[in-house]
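Pasting the structures here.
After this come two complexes, each holding subunit A, first together with subunit B and then together with subunit C.
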Partner chain A sequence: MKLQQQVPRNALVWIIISMFALVAPHALRLPPWVLLVYVVAVIWRILVYRGRWSFPGRSVKLILIFSSFIGVYVSYGTLVGLEPMVALLLTAFAFKLIELSRRNDAYVLLFLGYFVCITEFLFSQDLLITLYSMLNVVLVTTALVALHQPGEHQFNRGSIRLAGVMLAQALPLMVVIFFLFPRIDPLWTVPVNNHMAKTGMSDFMKPGDVAKLSQSADVALRVKFDGDIPPVSALYWRGLVFSRMQQGAWSALDYYDVPVKQQRPREMRTSGDALEYTVIMEPSWQNWLYGLHYARATTPGVRHTADYRLSTLSPLETEYMYRVRSWTQAQAEPGLSQWRREIETRLPPGSNPRTRQLAQEMKALTETDQQFIDAVLNKFSTQDYVYTLQPGSLSELHAMDEFLFESRRGFCEHYASAFTVMMRAAGVPARVVAGYLGGEINPVNRTVIVHQFDAHAWAEVWLQGQGWVRVDPTAAVSPERIEWGLEAAMQAEGSFLSEAPLSALRYRNIPFLNLLRLRYDALTYRWQSWIVGFNSERQLNLLRDIFGEINTRVIATVLLGSWVLVLVPVSISLFRKRATRQVSRPDRFYLKFCERLARLGLVRSAGETPGQFFLRAEAALPAYAGQMRDITSLYNQLAYAGTADGEGADASTLDTFSRAVKRFRPSR
Partner chain B sequence: MMQLQGVIDSAVKEVGKVLLGKEPQIRLALCCLVARGHLLIEDLPGMGKTTLSHALAAVLGLSWKRVQFTSDLLPADILGISVYDARDASFSFHPGPIFTQLLLADEINRTTPRTQSALLEAMAEGQVTVEGKTRALPQPFFVIATQNPVHQSGTYPLPESQLDRFLMRLELGYPHPRAEREMFERRHSAIREIDNLQQCINAQQLEAIRVAVSKVQASDSLLDYLQRLVACTRQSPEFEVGLSPRGALALLDCARTWAAMHNRGHVVPEDVQMVLPAVASHRLVPGGEYAGDGMALVDLLLRNVDVIGS
Partner chain C sequence: MADALGVTTEQGLNRRLRASFRQWINRRIPPAREVTLDQRRIFIFPSKAGFFFGFCLLVMLVTAINFQNNLGYALTFLLAMLFMVAILHTFANLSGLTIRALRARPAFPGQQTEFDLMIERGRQRDHFGLHLMWPGSSEALVNLVDEDTVTVQLHMAVDQRGWYSPGRLLLESSYPLGLLRCWTWVDLELHALVYPRPLASADLPGLATDTPDGAAVTVTGSDDFYGFRDYHKGDSPRHIHWKGVAKGQGVQSKQYTAYADRSVWLDWDMFPGLGTEQRLSHLCYWALEFESRNQEYGLRMPAVVIEPHMGDRHRDRVLRELALYGMEGQA
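Coming up: the complex of A and B.
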């Protein structure tokens, strides 16, 4: 193989380093055998480099390709979807290393490396991941640089410097493109695989589901209030409304379950100032959003449902930011439609007979619905009901009977569910609402961080003249949960985050670590609101703020203008660097002369002096011998007869020379 | 100026009488001596190395001595030695053959490095230090060394440091058939040409040439070309070791001398190209696939380095 095509050792080492760096963030998501493939591929390639092994043959390669397909299929159960596709890509990426023999292969591998770097963003757009990906870009670029330094036989760090300088030059352009380049929605969507373990609310709730969710310390959403933050115990983040009970589980109404005329939410009378806030949701892979009662979103694209929830059209696969105005005192649905009343009082026939009987007896003893509610809550708080994260399992059909009369151990969803069933059994419209309660106030930037363990379920009861009223039965059992949060409520039990021993939240009693955690969270908020949440709409707003009316011409002008602004300084610095060895004027004319001869097929080779070239040209084009002789001797005089400091090339000679070249128009 | 080229031409012609058909090499050899450099002639035995050295000494009118280097030659044999003189009851220094204007060091690579290195000071400084006393050598002082190709048996290759002291290295090569035929025909003529060579350049003329050389101009464009050449030897993977600054200076000096010898007041790229093989080939260490072939390397330089900057 020619020297030019070999992959230098320095480049090979950089390639291997960058490959491992690229696969590292994927490591936890990939099946372990893919990582094994990487290790084997690197060992194989190193042994090839040492001359012990050889490159794989065609049949071996085919076998490897097929087995990787089979491996991905076995691991994921499918080949379609984001995760299997990325796994396939990463496996192919590893295989490319063992057939890396010439420089062209390295190009393919490294350009693929840039692509692999992007795939990480399909899973996370975290600040740290972004910084890490930038490091990866530097590494891949370094390998690319090393590939072009054939003299560097030993591994060295010189290449990374050059790569860093090159990428630093590209940074301003990156910023410009980020803020100004038109953001086009994807033309296709990749099916998101549910293989990934996700935490969050689901639109289907059985007793015990929220308790399970409370083991997770993941962030669900971050909220920034425009004004003061209301008391944490009043922050009921409504997400889902469960109006239907089937087989012991609560589920939300589908869009088409609602009669057409009632699908749009009724306008509500609002009074007073609204709470205004911005919510950034972590990807939930669901399409509902969270907001305080009664929420109206000002972000386009957010839908409002008949039960006063917010939702989007498609599931959230990335962080999502929206603006909300909430009127906490507003009356919801003061007049209840017949259909709605019927739906909100329906119970599965034959289920929970004891609960129903109890409810009807208690209802008979009270006069108003409000008194009945108080009686039920009183029952929870005075009798020996336990609020616990470990409620034990319940049977499917008569779960509420079992809970109310036997186990008496439950988490919020048990109490909300039991309360709602009792209400409905007594003919009072009621429903379960799921969402989050409270949150942690980050003192660094005054945001409210809502974690998954803040997940909560409560009830809403419809009262004549008041509309839907929030009732939280958990407050009756465990007031600490409402006032101080889950951790305080579970202090005695010690079950808070017992399944997440490494969560930073567990160490918040160490002030230094806690401050670090909160500072990082504040940074994340800024990152998400500025970078991740920067979509086409915000872009348009930004441009509108700066340039006023926006049309195609303005965008094109701004884009081109800013590119020019960025590129001009770079060009000037390059030009200055060049200026010291700028092509002098005689050289320029002489090169023009060569160019004209080259058009006739007479190309001056690099090492040919003007004199030698003249002799060759004279033999080929005798008709122009005189002109060419003049030009050559004038050039020799101008370029070489002058002194070293450039004097002596007097103006008239240069003039004669340039005119001679301009006149010279040879043809065969 | 005209007269200068005439002087050189007559010298070349004179040497050409004994070394037939080798005009380019003779010109280069003269160029080397005019540029005050030492000359290394490398070729197989019997190619006329010694003849060329003799003839050069004769036309330059220099006093010369010849030392045949052998493997048992010692430094003292060249530099000289103090001998006890019984009459004076003291040591007196007997100068060695190095005390001359032109030293012919025949087959220099047959001797041990120890003896080779004895020449080092003389070549670099124009002086020798014997028994703690530094003695100046006559001026001008030239060394014309001949050597057999390195791969022949019984040779001690000259170290790079010593190779670098030689301004030029020449290879003579087989003569042209026509020249060889003429050689055959002259074989039995009564006159030994080498004894009858005329001195063509005297000390004043040599000095005049040097003055002329010092006035030769090297333009920006030419220095750029020179730097591109040097840079190429330092950056291309084909070269293990590039041209040293001393080598680069040698290249410039020789190119100027060559220009002066051709009656030009300025250097043109052709001058550089003419002297480059002789000046650079022994200083470059080839690497990679060019291993062992300095000439192929020089070819590569001449072919690939652009004469005109772009």
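Coming up: the complex of A and C.
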């Protein structure tokens, strides 16, 4: 093999380190056998290195590749999609290590490593993940550097220095290009993470779903209001509207269920000042967005639906930022179409007969729809209904009968659902709305953090002359939930976050930890709004703000200017004339020893031998006599035993000597 | 016919291109025993791995665009800028180095000649993975980390009598990242002397007529001790009067009468009717033969006369004359 193609041992160690560092953040998403492949690959490669095993033959390689395809197919049920593709990539990455014998193989492996870094960002652009990926880039680059340091037969930690320095030099240049590079629309559609566990609300809700979701302390969205933050109890984040009930579960209408003419939302008369705010959603793998009633998004690409929701065309795979204006007082759909009225009063035939009967009886006793609503809410608040996170399970078809007349234990979706069924049974158009209620105000940066446990379901009723009106039956059962949040409402039960013992939110009562959590959250918000949410619109605004007018000349000037500013100092540091020192290693350590003594006023004079200097130092610092004697005698051994550069000297003596000097820290 | 013509014009073009490249590089890096590498003398270009890296960056950029992933953009740009920074670092790995020609060992055809070079760094920084070779020579891969200089031996097979010029030395490195290759072609004016190929002949024709016993007899006569003379460079160490040296009498060589009397002349005219190269080969063989027998020998060739003597220096002188016979213009 040609000399240059050899892979130094140091490089091999760095390659293995970087491989494990790269696969670590993917580990939880990967099927366990992929991790096993990594362990086997490393053991195999080490055995090859020790000469105990051999590189895989062509047929073995083919079998490995083929079985990895089968493994991925079995684990995911498909080969298409982001997750199976990343799993395949990571398996190939491990196999490449087994057959790594030449420098060219190492290039393939390490460049693949950079690509593995980028795939991590497709799953999360979290601040910590970014910092960790930065470390991974340093590690891969270090392996690349070590690959070009022939003759390093021992693991050398020092290789990381140059990689770090070079990346630090590249970083400012990267920042400039990051903000200047035009953001282009996708060139073609890309595979979706259809295997990712969807988080947050689903477009299908049956009693118990929201209660389950409320066990999660994950952040769902962060909101920054341009002005003052409205009272938390008024923050009803509308996400989904459930208009259809089937087999005891609520589901949303599909876009194409709606007649073409009614697909677009009808413009509302808006009056007064709008609330303006920015929302950053965590990846939900769903395509609906959240907003306060009546929300109009100003971010291009956001769709508005007929039931006044916001959505995107494709599911959110990463953090997504959008701007919204909301008119909370606007009347929604003052005139109801025949089709809409029919849809919003429909119930599955034959379901919940007792509930229907009760509703019709109560409706007959009241004059107006509003009175009927009040009567139903009154029933919830005065009778022995319990608001609980542990509602127990209900049967499918007659779930509401069971809940209203027997168990009487329910979470918000039970009350919203029962209320809506009763409204519809009495002929009043009603629907269930799901989303989040409230949020935590972060005092550090005045954002509202909405967690998954803020998930909530309420109802909307259409009233003549008022349009769709929000009614929250939960407020009748548990006013604390609306006013103080879920934790307060569940204080007696003690069930708040009972399944998330490690969540930082559980330690809110420790001020130091809580402040730390809120500060980190504020940092996350800033990170997400600046880096993750950076798009062509923000880019345009930013460049206009800084440079006024944007044209190619300005951009070229900035680009070249940044290169000159960074690369000229780098060149100076690289090519500056630095005289070569011809100081051997023993001398270097001995000089360090002298330097430490000089700090205490003991300066070795020009003609003084180490022995004479020791006698003088011993007299001045008797406490360190032993250490100084060792150092002096070791130095004499090294300086006169071998050649001048310490090459011939015993390596272990040199080692002892250097350690003795490092330990030597005299003080008066 | 047309094909043959095409080939010849192509070869001609090739030769012309090569010649003009040689002219250009001779102007740019003139031949010298010692060359210090600076901007003028170092070439840099992306390596194969560098182009592959560029392709990977393109794939990463497309990924970032398609997934609208800002951190993907950031990583891609970071690596692209790493490439930019690597240009300077790769360049710095060769810059400031001084390559010095030390010597070239003479060799017989079919053997390997050895070229000794020294690399010295001009500034206090680590240089890694310096790869040196002549076209067709062995290769060397050295670092300059703890020392300021390093000597390098390169071996090359030779087969033509006379001065052998290895051409321009390639010094290259792709440290630190391998994305760029940095190289230089330096002519160190190193020439290796290649002796004629020794070729045995049955006997020495001219000599056989003088002494009936031939060369074999002369060897035994070397015992007759004659006296001492001051040591001259080139005297065999075996003839040094070591006891005298030990007593502090200065270095003296023992003299044997047989040498003066039975010294041999290796004469160009000993091999009538043979071609130049064959004569040289035979002369070379006998010179080595007499040297190994510790017998003095002289060389008589057209325009060259070397008085009989023996020892390494004498042998080298004789072999040099044989190697360079008829080649004055080339050295």
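Just so we're on the same page, the second predicted complex is superposed on the first by the 537 of 668 C-alpha atoms of A that agree within 3 Å, B and C clash if a C-alpha of one lies under 4 Å from a C-alpha of the other, contacts with A are read in each partner's own complex, and residues count from 1 in each chain.
Note that in this section contacts are C-beta pairs under 8 Å (C-beta built on N, C-alpha and C of every residue); 3 or more make two chains touch, one makes a residue touch a chain.
As the structure is a prediction and not an experimental result, all values here were calculated from the model.
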| item | value |
| --- | --- |
| Partner chain in contact with A:W53 - subunit B first, subunit C second, else both or neither | neither |
| More subunit A residues in contact - subunit B or subunit C | C |
| A:F225 touches, of subunit B and subunit C: first, second, both or neither? | neither |
| Which superposed partner A:Q169 touches (first subunit B, second subunit C, both, neither) | second |
| Which of subunit B and subunit C A:T609 touches, first, second, both or neither | first |
| Subunit B versus subunit C as contact partner of A:E317, first or second or both or neither | second |
| Partner chain(s) touched by A:W33 [first = subunit B, second = subunit C, both, neither] | neither |
| Which of subunit B and subunit C A:F179 touches, first, second, both or neither | neither |
| Touched partner set for A:Q125, first subunit B, second subunit C, both or neither | second |
| Touching partner for A:F664 - first (subunit B), second (subunit C), both, neither | neither |
| Overlap of the subunit B and subunit C footprints on subunit A, listed as residue numbers | 3, 150-151, 581, 645 |
| Residue numbers on subunit A that touch subunit C, as the complex places them | 2-4, 103-104, 107-108, 111, 114-115, 117-118, 121-122, 125, 130, 133, 137, 141, 144-145, 147-151, 162-163, 166-167, 169-171, 173-174, 177-178, 181, 183-184, 186-190, 317-318, 531-535, 563, 567, 570-571, 574-582, 585, 645 |
| Touching residues on subunit A, where the partner in the complex is subunit B | 3, 150-151, 581, 583-584, 586-587, 590-591, 594, 605-612, 636, 639-646 |
| Sites on subunit C touched by subunit A in the complex | 49, 52-53, 56, 59-60, 62-82, 84-86, 88-89, 91-92, 95-96, 121-125, 128-129, 131, 139-141, 143, 146-148, 173-178 |
| Subunit A-touching residues of subunit B, taken from the complex the two chains share | 217-224, 235, 237-238, 265-270, 273, 288-289, 301-310 |
